[in-house]
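Structure first, commentary second.
Each chain gets a letter, A, B, C, D, E and F, in the order it is written, and its residues are counted from 1.
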């Protein structure tokens, strides 16, 4: 006898995407790390004890995009066609923007958000010797294209 | 002839902690996922298509704490003694707090922050079918104990 | 001169699937964890020191399906379209059933078996404070569909 | 205001081991893969299409012991001092026994069980071209030494 | 306002392959581990303390091919159709040759090189108790087929 | 009846280090990537399509040191106290030197060699659009300190 009726309401599952079309899909996410003026200065002067914070942040973000399905339990593993990371040092900290592209059956919003978040974490790790109050804020998807639910971008 | 003078100012390195004492250290971090009222209702009613969002979030956060050194390039791999995750559903979204403990040569602030961030990402993944504007905010360390730099907590 | 005739009989290899068609394929596997009556009671009463055993088991099983090719040396890495986990607490322990779907060039029997096995291991980890004799038994594929070798299910 | 009282009964946590002593601990687990006579013959004749099943199984088991804390969400990451794998081809299939040793604050039963389970899965992967009904059975801890809870072995 | 002009010359990126065709592509790489006569003898006599060096090397190489995109930050994750490893013990050490095949949008040269390199590292680990001067040399791609840039092989 | 006499001569095992003392140990390894003059020029001009090759190489090498026990089947997982990477662009290519330190029961030669090898692979990935014949050569341990077997360095 089959085990039926077990997957009760609320039980976690990786939802079926096998009926969705393979299309090229992109998503862009952003976030900000708020830093002290001293940390921003050290970053601009390349004077941090762990080294080149922006290069490390950029690479950590790209690698994190590839590990999204390892980190987020119900995410589908996806091939990625491109990942680009933009970083801007501003007076209040660092802004991170990541765009991810795939050709597959589901979107890459979580990949873009994961890359931004891990980029923010890495930036904090690089500056934490000089700023123990660094704060990640405003991490969200800002644009999406491709796929059934239509394109959109945050205003 | 040895390769000397190559590790120029700014080059990334994993800094040496071999001279630091092995002590029990703890860190606590927090963050918030801002959600729409519809997403908060779906969460409270356990009516999300991917299943039990809070349980999945909690487990993803614990596992992420263990993967911190994989994600953050210059973090030292550490043994972890405990990880606890607190979640609170409030009207504007979900608050996440994670405490991590280790007995080792360096602190676990990055582990606590990574767990909070991946918890926030997972929560977004669970609700994204009903809220595509979920936003992670105010992720930061709120308390630290053990280690040479002294205990502190955010007021 | 090329290195020829080296791949002698018996040498491990990841066999070539490039000539197989991309089709939708599913597999279902099952297993049982035999537990003491005390462990079954603690599970039913949600009274285990590590917390909610069934939720953790379900999530560990889903994540394990995604890591099959990391664990099994000669498995091909595959995209997964869905993973569902059914759990049933019975008097002698817990039954686990996992169904996996892919659209790719080879089947997902190993993914279903890996998810079941890691689910069983996780369940044991959750109850081991109250039952050190928990035993995994009867882990096997029970149904398969799609692919060249034909559909079948265990009677 | 602190987030208090959130970690309600039943919530998953990685329990605190920081107060436990660092000691040398060992655990041994066993399991069996039941195979058809044709599969046992192919194994004995080293005639399997994927190559040397026993060598691959042994290595997969050792590597799995190292990945236990990645697979089992609430397991503590541990250093391992040794892992040995014994394999015996018998008429009804293959018996696997794994012993694991650590010097740390908690035991390695889960590491031994994980190694056995992944060894069994790997063996099935190696023979599945000739036996689609292979079954894992009787996976359990058979001996434990070191640590506060006392030594024991199954009779 | 969008973050523009941030991705300055020289910033690391995962380049976009979404416009490239999906085709079957293969690559072959080779390398050599130079060993002392004593190590070569121990290898030929299967007398190494860590066990069967060639089987472990072969399996490590296959698994490494699957982890290429984890190790090389800007590599695209790819499905692999086959991986074969040839090993030859010669008087000056061991020669390794790996062929990898994929059906995807980019080539597998890095996968073949990564498999060879990790195979060489594993071989060194297996023999290092008897030879601490083992050296990896001449690791390079020797043939490539499929894809836009044309087939070629080293003479 | 116990499974005895199964671990026959030649079977792979992770050898027991539980009796070895915990001491601070360091190892240094080196390697070279041979490149075409055009690739060396592009590297010196920071004109590579994938971006900043040396920063990516350095970070990949550090991360690889942490993943040594994942890649090399019989390596013991170790905590690492520091990892430093030196890179030198010379007329014939790039020289890489990595030093690793641990406080544990076994040495870190494999970690240093793995970091060098993955650094070399990453460098090749960064330049392969302009040089498909890049070759890794002369990867070996050049110095070791701490541990029972005594300090040494290559002349």
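Following the convention adopted for this analysis, a residue touches a chain if its C-beta (ideal position, glycine included) is under 8 Å from a C-beta of that chain, and two chains touch if they have at least 3 such contacts.
Just so it is clear, the model here is predicted, and its values are computed rather than measured.
By the document's definition of touch, common neighbours of chain E and chain F comprise A, D.
Of all chains, the one whose CA centroid is most distant from that of chain E is B.
Compared on C-beta pairs in contact, B-C and A-B come out with A-B as the pair having more. The distance from the centre of chain B to the centre of chain D, each centre being the mean of the chain's C-alpha atoms, comes to 29 Å. In whole angstrom, the spacing between the mean C-alpha positions of chain C and chain D is 14.
Residue numbers of chain E whose C-beta contacts span two or more other chains: 11-13, 15, 52, 55-56, 59-60, 63, 67, 70, 73-74, 79.
An unclassified topology is adopted by the chain contact network, corresponding to no line, ring, star or complete arrangement. Applying the touch criterion to all chain pairs gives A-B, A-C, A-E, A-F, B-C, B-D, B-F, C-D, C-E, D-E, D-F, E-F. Chain F meets chain E in the complex at residues 9-13, 15, 31, 46-47, 49-52, 55-56, 59-60, 63-64, 67, 70-75, 109-110, 113-114, 117-118, 120-122, 124-126, 128, 132-141, 144, 152, 154. The part of chain E that touches chain A in the complex is made up of residues 3, 6-7, 11-18, 69-70, 73-74, 76-79, 104-105.
Those residues of chain B that touch chain C in the shared complex are 52, 55-56, 59-60, 63. Interface residues of chain A, counted against chain E in their complex, comprise 24, 30, 55, 58-59, 62-63, 65-67, 79-88, 95, 97, 101-103.
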